[in-house]
């Protein structure tokens, strides 16, 4: 079958950012999650936390603004923002472990129907970096994961059981892919939205667990 | 005698490092926050079979040429990767030993493949808390991070309030090498921006804490309300040469930008 | 909408307190650091059967007249002792419930003798660490303080590195009432001097943290490097009336001295 | 027997302060220990820690200097000093528990021959305040306790076994009383110094455990 268009990284980030509520404390993982920073509507005031020790930083720095002493969790240089605060790593993870992060967005390699998450071990290298993902995944009040719906060779990344090393068990609340928006519930995975031009059946075919189709399933909501 | 923790050189600061020592290394994998001059001095000093405790294991000078494709790499940056290149490292206890990009295979990862070094991968927050536990005299703690994952292997797991917790122990170290911004002769420290990171966490957690700073100011110049690391956590302070200090670094950065 | 954690009155700040709630109360037994106006408002609000978690259980207005023999007692000082006088307290978890002087027998001690309240005495550092554990999501920790004493009774004791440790659990609370110096509308806080004490420890440790401050400044006025409590730990901020603010208090103090 | 003169509170504090070494971090308990602040020789720079969250504070404040927001562990108002730092209670006890205090001086109700310490429960009131004493006694690198040698009715306060509620076990390194200076060692209590006008035998008589008499036992050293 000819490849149909999927959501771009930016569109995924845009969709995820619609979940950000006014006043939330949000932590964004490396990759697509970091792009979310650009998309919440201006009527919302969001406090971004980065696990390397900053709350309420600004956007990515221009070369002129760049300062080695102000980076995000991905090592990218960012800007200051009024009301910013700085803290040590132990304090930062006190915040994270203590449940003070309202929403976390992480990239993912696999997610299971129970909401188990695997995102750290690089199988081809036999090693990987846990980083702050376990702490965040286990303790954020809400966890959204973003991913391509399938691997490069077309295999589902949403699976019955993760085969990769786990990051945390039963931690994911919502999955946003380049094909769908899925809620993780006690009853199973609920398909809420599908990418434009894709059918529910096509999404199911690329998803290992049986999806529960939301009665009001619709096209991915970008407004 | 007035207390004076300032030592004359980075070489003097690391002269007592011994083979087999456990060393905390501050920072977060980027130039800011990295105790670069202490790293360089420890490379020269040559202590071997080190266990390094750090967020990132470091790139080393060679790989930094590739890193420069992704981020700004200043000349004075010298990280734990070079200790690995020097074959000084036996083991790393780290949260982020590997970068996803296949271009960025660190000296540590190469030696790991060859079975020459060991790794103990620890979630970042657990790493920070285990270091704090050593500083704060906590015998062990039950941590909700890691149950059901590789992290719980070989560890005691206990259900507390209906949730699984893994028992984690303090990481006790001989030396802590940290980057701060300014110090006074008593050892009070302030940091700059996100370079506080693991540096402030590690201050006071090892038997000997050595801080690398831009400047030593007069006692009383640091605002008591803003001191991040109180003097009693710091044993030695060494001052960067001018070309590594923040103001100069920022100035050069700006000039580079303007030339482009 | 811009975040705004500032509430219009102390009464508004405590309106949701319920009978049987567990309440962290900041401070160290002296006027500085005591969330006096919140204490007064909670007295008026009237929630009963409270478990209060604090270093000192408080004197109350009546005993403060005697306390004035030993230390300066400002008019606006209103501490947890008054909650006891009001019969709002069921139990205290505290490090320093009793003063040695026989003149200073607190309302709490009297009710304790009469079996009307309960006490759980906790070493000061263990109290601070148990509160931090609640804030930091630690399930429990092994603490070297207390083995061989009353503190270990009924608790698990484990030998770690040849030393006895007592297993201690977090103190989870519904509300935290703290005194800070300045805030911004986001909830960032700074403190003043030793009034940081348990206040900064308790910030963020309860489900709801309410800070009593002298002043709310514009966002951006607090130096990011000097903010002690980041905004995410604070839920409400209430501002003292002028006569309770530090500058006025210090000014009155000085005038009193000059009159003498 | 007619009462012979004993060392004053100030003299005890003076003697204790001779143990303060240059550069030490010292925590002083309420009462006599606080008086030590006045006596170290000026050639020594000492950093005083108070458990309510301050390192390197100054002396007790005059009424003019007094500030509600700068108090010591006894609630007395103190002055600032250049190089002072402030911190929260959890940080303060991280310092204490973590062994970062070189020397602590505490008042005592009883001390045993093994160095057990009892100093918190007020027996006549059936309650007392633990405060920071357990944390300090258990974790300071060196612990000196100060006390009158006997109770008001002449009973020894240095005993075989404490009968009062314990603060910490085997924690005391040195005992300074109004009659003697005693080291606590693995072999037992070693009498090092006696108050002027008092004999070794007289001190032993007022002490429950058998004292080991130091070969060089001398008058209390105040210079």
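Note that the chains are named A, B, C and D in the order they appear, and that numbering of residues resets to 1 at the start of each chain.
One rule holds for everything that comes next: contacts are C-beta pairs under 8 Å (C-beta built on N, C-alpha and C of every residue); 3 or more make two chains touch, one makes a residue touch a chain.
Computed from a predicted model, the values in this text were never measured in an experiment.
Trainee: Which of the two pairs, B-D or C-D, is linked by more C-beta contacts?
Mentor: Higher contact count goes to C-D.
Trainee: Rounded to the nearest whole Å, what is the centre-to-centre distance of chain B and chain D, using the mean of the C-alpha atoms as each centre?
Mentor: A distance of 38 Å separates the two centres.
Trainee: Between chain A and chain D, what distance separates the C-alpha centroids? Give it in angstrom.
Mentor: 56
Trainee: So what's the Cα centroid distance for chain A and chain B, whole Å?
Mentor: So the centre of chain A lies 28 Å away from the centre of chain B.
Trainee: Would you mind listing the residues of chain A that make contact with two or more other chains?
Mentor: If we look for residues of chain A contacting two or more partner chains, we find 86-87, 93-94, 96-97, 139.
Trainee: Tell me, which residues of chain B touch at least two other chains?
Mentor: 129, 132, 136-138, 143-144, 191-193, 225, 228
Trainee: Which chains touch which?
Mentor: A-B, A-C, B-C, B-D, C-D
Trainee: In the complex of these two chains, what residues of chain A are touching chain C?
Mentor: 22-23, 25, 43-45, 47, 49, 55-56, 80, 82-87, 91, 93-101, 139
Trainee: Please output the residues of chain C touching chain B within their complex, sorted ascending.
Mentor: Interface residues on the chain C side: 129, 133, 136-144, 158, 160-161, 163, 165, 169, 190-193, 223, 225-226, 228.
Trainee: What part of chain B is in contact with chain D in the complex they form?
Mentor: 1-3, 132, 134-138, 184, 186, 188, 204, 218-220, 222, 224-225, 227, 230-233
Trainee: Quick one: which bits of chain B touch chain A in the complex? Just the residue numbers, please.
Mentor: 28-33, 55, 71-72, 74, 95-100, 105, 109, 112-113, 119, 121-126, 128-129, 131-132, 143-151, 181, 191-201, 228, 246, 249-250, 253-254, 257, 260
Trainee: Would you mind writing out the residues of chain A in touch with chain B in their complex?
Mentor: Of all residues in chain A, those touching chain B are 50-54, 63-64, 66-71, 75-77, 86-90, 92-94, 96-97, 116, 122, 125-135, 138-139, 165-169.
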